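The structure follows.
Chain IDs A, B, C and D follow the sequence of writing; residue 1 opens each chain.
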Amino acid sequence: MDLEKLLSFDWGLMAPEFIILIATVLLTLLDLFLPKKVNRRILGWIAFASVLVAIAALGGLLGEQVGSILHDTFRLDSFAKAFKLLLLVGSALVLLLAIDYQPKEGLNEYRGEFYYLFLTGLLGTMIMSSSGDLITLFVGLELLSISSYILAGLRKKNLKSNESAMKYVINGSISTAITLFGMSYLYGITGSTNLKAMAGTLTTLNDPQYIYLLGLSFFMIFVGLSFKLASVPFHMWAPDVYEGAPTPVTAFLSVVSKIAGFVILIRVMVSIYSAIPMEDGTTPMLFGLQDFIGFLAAVTMIVGNLVALRQRNIKRLFAYSSIAHAGYLLVAFTAMSYVMFDSIWFYMLAYVFMNLGAFAIIQLVTTKVGSEDIAHFAGLYRRAPILAVTMAVFILSLAGIPGTAGFIGKLNIFLGALMVSPSHYVLASIMIATSVISYFYYFGIMTQMFFRPRAEEGKLKVPAATTAVLIICAAATILFGVMPQLAFDFLQSNFNQFLDFMG
Amino acid sequence: MENAWLIPLFPLLSFLVLLLFGKRLKEASAYVGILLTLASLVFSVIVLVARLTDATFKAEADWLQIGDLQLTVGFEVNQLNALMLVIVSLVSFLVHTYSKGYMHGDERFPVFYAYLGLFTFAMLGLVLSPNLLQTYIFWELVGVGSFLLIGFYFNKESAKAAAKKAFIMTRIGDVGLLIGMILLFWQTGSFEYDEIFASVHAGEVSGTMITLTSILIFIGAVGKSGQFPLHTWLPDAMEGPTPVSALIHAATMVAAGVYLVATMFPLFAASDTAMSTVAIVGAFTAIFAATIGLTQTDIKRVLAYSTVSQLGYMMLALGAAGYVAGVFHLMTHAFFKALLFLAAGSVIHAVHTQDIEKMGGLWKKLSFTAPLFLIGTLAISGVPLFSGFFSKDEILIAAWANGNYVLFWLAVIAAFFTAFYMFRLFFMVFAGKERSDMKKVHESPFTMTGPMIVLGILAVVSGYVNTPWFGTFLGDWLVDGNEALGHGHIEGPAWIMIVATVVSLAGIYLAYLMYSKKTLARDWFTSRAPTLYSIVVNKYFIDEIYNSTFVYATKAVSLFLRFIELFLVEGLVKSVTGIVKGLGKTGSKLQSGQVQTYSTVAFVGLAVLLIIFALTGGYF
Amino acid sequence: MDSFYLSLLVFSPLLGIVLLAFMPKANENGLKMLGVLGTVPAVILALMAYFSYLGGKSLESFAEQVNWIQFGSFGALDPNLFTVKYELGIDGFALLMIVLTSVLALLAAIASFHIKKEWKGYFMLFLLLEIGMLGVFTAQNLILFFIFFEVTLIPMFFLIGKWGYFDKEKAAYSFLIYNGLGSAVLLIVIMVLFAKTGTTNIEALKVLVNSPEQVLTPISESLKMGLFIALLIAFGVKLPIFPLHSWMLRVHVEAPPSIVMLHSGILLKIGAFGLIRFGMGIFPEQFQQLAVLIAVLGVVNLLYGAFLALIQTDFKMVLAYSSISHMGIVLIGLGAYNEAGVQGAIFQVVSHGLISALLFFLVSVLYERVQTTHLKNLGGLAKGMPIVSGFLLAGAMASLGLPGMSGFVSEFMAFLGLFKEMPILAAVGALGIILTAVYLLRAVLAITYGKSNREYAGIRDLRSYEWAPVLVLIGLIILIGVYPAVLSQPLETLVLGIGG
Amino acid sequence: MNGVPVSAYLALALILFCIGLYGALTKRNTIIVLISIELMLNAVNINLITFSKMGIAPSITGQIFAVFVIAVAAAEVAVGIAILLALYRNRKTVNIDEMNELKH
C-alpha cells in the first residue's frame, strides 16, 4: 500500500502506544550509550514520565468516537480506553515502586533493561486491550509474555529469580500453544482472524459439528488465557513465579498483566462466543457455557483462599490472594449482567490501588532483610505506626471491609451475580464465604503487625517514590470506598456503558 | 384513708436514710427506724379505725402501657388489709424497738435497721396492693428483705446457705404464683382483684381454669408460708437474728401466704378441688410439722416448726371455707408467736445458746421473760381464755362444719402435739434446778422486755374480738358486704370446744410429767420406736431427699449440657476449621515445585472440561 | 435542630478520635480525659433527642437523606433504582438504643481507666466502635446498616486482641470469624433483596417485598422464607442463639471488662434489633410462621444458659452464660409475636444492656483490685468491699428479675406475651426464672458472703470516679423498674397492633 | 494431493500437538521441553495452513498468522534458552525436576 494510504489512517488513535514505543526506543538507546557510571534511575523517571504523557494522551482521546484503523486490527472503543487507563495507571505506580527497588545484591547494570522491558510489556497489554484482530491480539499477548519472562529473571545472580523465570517461560509457552491451538480452530471455521468478521460469520452457523469444535476452541482459549489471569486450572505457576520474581515485577504480574488477561478474555469471549448460537439456536454459546466458567470461578476462589491459609511467605500469600481475586472477577464475568463491565472495571480499579499499595509496603519491609517471611511484619506498628495503619487499610480493602474500595467492588459484583435471572446464589455464597475465610490470613498479617512484639530494630525510612505510591494508593482506596460515585460517574460520562463494544 | 399509701413510705424512707447515713448515725439509726415505723403504725391505726365505719377505698394510677393494654398500680383499703396493716406495722414497730437492745454492739447495726425498713416497706406495700401484679412485686420484695436478714451474719457459711435456700425455695413458689396470675390475666383480662372476682362470679372463666390458676397461686402461698413440701427453708431461716425471726418468719411474711389465699378467697371458693387441696395441704403440714417439733432441741427451731404447723392450721381453716377462722388465727398467731420469739430471743440473749438441753431453771433469773414466755405458750397451746384458744376453736369448728372429719381429727391431734412440745420447751428452759454454768445470766433491758409485755397483753386479749360468748365482732366485720367470704361465724357443736381444751391440757400434763416432774422417763416413747424417732428427729429426711433428687438432677443436667457444649458445639466448630485448614494443607502440598506438574494440572483441567462439555453437549 | 442532627450524633466521636491523634502518647491523663470527653457529645445529643421527642417532636423529623451510590446506569428508568442513599433516621426503638449506647459508651470509657496500657490506640478504636454502634441503630437502609455493622467488627477485633487477657488472640479470631460469617449471611440477604427490588431502604422494602407486583423480579414465598431464615442465622450469631454462641463466651472472658460492657450491653443487642427491625418489619408472615421455632429457641437459650451458668467456676463465665440465658428471654418475647411479647423483648434488650454493663463494670473493679474472678479464690468480699458487694448483690437481683428493677418488667412482659400464645412452652421457660435465681445467688454469694478466702486488708472500696457509672446504671435500672413508661412511651406506636 | 481430506491434516496437527504436550510435560531435560513446545506451536501452524488452504472459507490470513506464530515461537524459545543459561550458571543443571527451590 502506498504512502498516502498509510497516512490516511487516523494514527492519533494510537497516540498512547506510540508514546510508550518511542519512550522504549529512547530508553534502549540511552541505556546503551550512557556511560556506565550514570545512575540508571534517571531512566526510570523518564519511563514514568512517558507513562504519564500516555495517560494524558489517552485522556485526550476519551471524547473520541469509537474508531478503528489498519483494517479493524486496532480499534479504540470505550472498552479499550477504560482498561488502557487502568493499565497505564497501574504501570505508573509499579514504575515508582521499581525506581526505589534495591535488592540485596543490587540491580546495577540491569536496571536499565528493567525499564524498557517493562515498557514493552506495557505496550503489549495496551495493544491487547484495543486489538480487533486475533493476530494483533496474539502479538500483544506475546509481547507482554516475553518481556515479563525476562523481567521475572532479571536478578541473574539470584537462583530463585532464574527458576521463577524458567517456570514462567515453560508454563507460559504451553499456555500460548494451547490458546493458539484454540484460535486456529476459530480461524478454520470462520476463515478470518478479524473479530468482527468472525462474529458476523458465526451468527449464521448451526452445524453441531462446528459448534462442538467451537466449544473445543472456547475451552482451549479460556484455559490458555487463564494462565494470564492466574485462575484455575492454570494458576499454579503464580505462587512460585511471584515469589522468585523481583518485587516490582511481582506487582506488575499481579496487577497489570492480570488486568491485561481479563481484557483479552472479555474481548475474545464476548465478541466471538456471544455471537455463536448454541444448538437450540437461541442462547449464545457464551451463556450456554456460563456454568463452566462459574465452576472455574468457584474453584479459583476456593483454592486461592484455602491454600493462602498455609503461607508463611508474604509474596506467596499475595500470589494466592491474587488468585482469589481473579476468582472474584470471574464471578462478575460469569454473571454477564448489565453491570458486568462496570463491576469488573471498578473492581480492577480498586484492585490496582489496594494491591499495589500492599506491594509497596511488602517491598519496603522485605527487600532490606532479604527474606519474605511474614514474621518480618511483627511489631510493624511499633516500628512505623503510620506504615502499619496504611497497610491495614490495604488489607481491609483486600478483605472487602466497608469503608474501602474493595468492599464496593465486591458489592457491585454480588449485585451483578444476583440481579440476573437465574440468580447465581451458589456462586455468590461461595464468593462471600471464601472472602470470610480470607479474613484468616489477611488478619494474620494484622496480628503480626499490631499484636506481636517488634521483630527488627531500627527505623524504616520510606523513599520518596514509594511514599508517593503509598499516599496515592491509600487515598484512592479510601476515597473510592467512601465516594465510589466519583468512579461510577466517570464511567458513565466517558464510556457510556461500553455500548460501542460490539458496534 | 386516702393517705394510706403513705404508710409503706415511712419504712422506705428509713431504709434510704439508713442506707445513706447509716455509717454516720451508728446506733442512733435505731431511733430513725423506730420513729418512722411508729409513724406508719399510727397511720395504720387511723386507717383501721376509719375503715371500721367507712366503705372500702381504692385508688389507682397508670403504670405500664402494653399496646392497648394498660396496667395500673394503686392501693386498696378493705377490712382484711386494714387489719393486716395494723398487725404488720405494730409487730414491726415492736421488733424495731426490741432490736435496739438485742442488736446492741453489732458492727452492722445500721444495716440491720435499714434491712428491717426495707422489709417493712415491702410487707406494708404487699398488704395494700389492689391487684395481683402489684402483690407479686411486693411479694418478691419481702422475699428479698427476708433473704437479706437471714443472711445478715454473712460470713457464717450456714447463714449464707440458709439465705440462699430461703430465696430459692420461695422463688419456686413465686413462679407458680406468676404463672397462675398470668393465666388468670389472659382469662379475665385484668390483674385487679375485684375485676377478676367479678368475671369469675360471672362464670366467664372455665372451672378447670379456675382450679388450675387457684392451685398455681396456692403454690406461691405454699412457698411463702413454708407449707409442705416447700417448708424446709423456714426452719433454716432461724439463722437470722431472732428479732427477724419474730417479725418475718413468725408474724408477717410467712403469713403472707395465708393472706394471699384469703385475698383470693372468692377464686378458691369457686373450685372445690382447690379448696380441698388447700385444706389437705394445710392439715397435713400442721400435723407433720408438729411431729417434727416434738423432737427438736434448738429453741428457735422448735418455734419455727410450730410456726409451720400453725400456718398449716390457717390454711386448713381457709380450705375449710373458714375465712374468718383463718384470718382470726393469723392475727392471734402473729401476736403470740412474735411474743414467743422475742422471749426466746431474750433467753438466748441471756444464756448465749439455743440448745434447750443446755438450759434449765431460768424461771427465777428471767423474771420478766419467763412469765411472758409462759403466756405465749399457753396461748399457742390453746388453753382457754387465751387468744389462741378462740382462734383454734374457730378453725376446728370450720373444719367440722365443712365435713372434713379426717382433717378435723388431724387438727385435733396436731393441737395435742402443739401443747405437748410447747410445754416441753417451756419446762426444759425454765423449770428444774438452774445450771451451774449459768451464773451470770441477767434479764434483758427494757427496750426488749417492753415490746414483749405489749405482745403479752395482746396474746391474751386479742382473742376476745371474736368469741362465741361475747359476740363475733371481728368475723362479722371482716365478711361485711362480701357474701363470697362466707359467714362471720360458723356454728359448731359445743363439744368441739371441750375436746380442744381437753387435748391441750392433756398435752401440757404429759409434758409436765416428762420434763418437769420427771415421773415419766423422757425416752419412754423414743426407746420404744427408735426408727420412727430417728426419722422424725431428722425431719423425715426431706432435705436429704431434695438434695438427692432435685439438686442432683439439676447438676446432672448441667453436666450433660456441658458435655454437649464441649463436644457438640465446640467440636462442630473445631471440625469445620479443621477441614478448612486441612484442605489448605493438601492444596499447598500439591504445589510441589515441579513446573511440569503445574502444566499437567492445567492440561488435565482442560481435558476434564472438554469431556464434561462433550457429554453434557451430547456430541458423543 | 437542623436536618443533619443524626449525622452529627453518629459521627460526634470522630472529634475525639481526631483530637486523640494529636495527643502525645506520654500524656496519659490527657488521653484518658479525651477518651471520656469524646463520648460526651453523643450523650448530650442523644438525650436532647430523647427529651425533644418527649416534648412532642416527631421522630420522622430526624430523618435525613443524601444520594450516595448509583449502581449500574438505570438512572434513565428510575433515578432511585439500584441507588444506595446515605439515609439516617430513627424510630422509638432506635431512639432508646441510641440513648443506651451513648450512655453506656460514656460509662465504659470511664471503666477503661482500669486498663493500664496504650490509652491512645485504645480510645481511638473505642470511639470508632461507638460510631459503628450508633450508626447501626440509625441506618435507614440495609447496606448502610451493614457498613456500620462491619465498622463495629474491626475495632472489636483489635480491642479484644490487643487489650484482652491471656487467650486474647484466639478470642479475637473467633469473634472475627463468627461475626464475619454472620454478616456474610446478612450481606447475601441484603444483596438478594437489593438485586430483586432495586432498593435497600427498609421502609420501601417493607412495602415492596410483600407486594409482589411491584418488585423488579418477583420474590417467591420459598425464597422469602429462605431469606428470613438466613436473617435469623445472621442475627442469631450476634444475639447469640444456641448453638452459635461459643464465640461470645470467649469474648466475655478474654476481652477487657470495659469492652465487654459495650459488647454484651450493645453489640449483642444488634442481633435483637435486627430481628425486630428487619425480620419482623420486612418478613412479617415468615416471622409469624416461625414464631414457634423462635420461641422454642428462646426457651432453649434460656435454660441452656442457665444450666451451664450453674456449674461455672469463673464469675465472668457465669455472666457470659447468663447473657445467653437473658437473650433467650428476648427470643421468647419475639416468639410470642404479640404486643406484650415484643415490648418485653425490647425492654429486655435495654434492661439487660444496663444490667450486664453494671455487672461487668463491677467485675472490672473487682479484677483491678484482686486480679481474679474465680469463685474459688473469692469469698467474704462483703467484709473488705461492702459497697462493691452491695452493688454486686443489687446487680444480681436486677438480673434475676427482681420487681422494682428493669429486669422484672421485661421478663414479666415477655412471659405475659408467650403465655397468651403457647402456655405450655412458657411454663417450661418459667423454670428458667428459678434457675436464674439459683445460679446468680450461687455465684454472687460465693463472692460476697461466706468466709473470706483471702486477706482483703488495705483493699480500696469504690473510688470516687467509679461511683458515677455504678450510680447511673443502678439508677436507670430502678427507674425503668419503677416507672417503665420511660421506655414504653417511645414504643407505643411501634408495638401497637403486632400479631393482630 | 487433493485426495487428502482436511480431517487428516487436522488429525496430524492434533497428534503433533499431543506429542509436543506429552514431551513438554514429561521430559527431564529443559532443552527437550522447549523443543516439545516448538512442536506444539508447529501443530498450530499446520492447522492454520490447512485452514487457509482448504478451510470452509480459505484465505491468506491463516498463513500470515502462521508466520507470526513462527516468529514469536522463535523469540520465545530464544528467551527460554537465555534464561536456562542464566539458571545453569547458578545451578549447574538443565534438569527441570531439579528446579524446586520454590514450592508449597
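Here is the rule we go by: a contact is a pair of C-beta atoms (placed from the backbone, for glycine too) under 8 Å apart; a residue touches a chain by one contact, two chains touch by 3 or more.
Chain-to-protein mapping (UniProt): A = NADH-quinone oxidoreductase subunit N; C = NADH-quinone oxidoreductase subunit M; D = NADH-quinone oxidoreductase subunit K.
If you're wondering where the values come from, they're calculated on a predicted model, not measured in any experiment.
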{"item": "Geometric centre: closest chain by C-alpha means", "value": "C"}
{"item": "Maximum centroid distance from chain D, chain identifier (CA atoms)", "value": "B"}
{"item": "Computed distance of Cα centres, chain D from chain C, in Å", "value": "65"}
{"item": "Inter-chain centre distance, chain A versus chain B - centres from mean C-alpha coordinates, in Å", "value": "79"}
{"item": "Distance between the centres, which are taken as Cα means, of chain C and chain A, whole angstrom", "value": "44"}
{"item": "Inter-centroid spacing, chain C versus chain B (mean Cα positions, whole Å)", "value": "38"}
{"item": "Multi-partner residues of chain B (at least 2 other chains)", "value": "588, 591, 593, 595-596, 599, 603"}
{"item": "In chain D, residues with contacts to at least two other chains", "value": "21, 24, 33, 96, 99, 101-104"}
{"item": "Contacts with 2+ other chains: residues of chain A", "value": "166-167, 170, 174, 178, 239-240, 310"}
{"item": "Chain contact graph, described as a line, ring, star, complete graph or other shape", "value": "other"}
{"item": "Every chain pair in contact, whichever chains are involved", "value": "A-B, A-C, A-D, B-C, B-D"}
{"item": "Residues of chain A that touch chain C when the two form their complex", "value": "338-339, 342, 396, 401-403, 407-408, 411-412, 414-415, 418-419, 421, 423, 425, 428-429, 432-433, 435-436, 439-440, 443, 446-447, 450-451, 484-485, 488, 492, 497"}
{"item": "Contact footprint of chain A on chain D as seen in their complex", "value": "13, 17, 20-21, 24, 30, 33-34, 37, 40-41, 43-44, 47-48, 50-52, 55-59, 61-62, 64-65, 68-69, 72, 75-77, 79-80, 82-84, 86-87, 89-91, 96, 99, 101-104"}
{"item": "List of chain B residues in touch with chain A within their complex", "value": "580-581, 583-585, 587-588, 590-591, 593, 595-599, 601-606, 609-610, 612-614, 617, 619"}
{"item": "Chain B residues touching chain C - in the complex, by the definition given at the top", "value": "62-69, 133, 136-138, 140-141, 144, 151, 154-155, 157, 159-160, 163-164, 167-168, 171-172, 174-175, 178-179, 182-183, 185-186, 554-555, 557-559, 561-562, 565, 568-570, 572-573"}
{"item": "Parts of chain B lying in touch with chain D, wherever the complex brings them together", "value": "588-589, 591-596, 599-600, 603"}
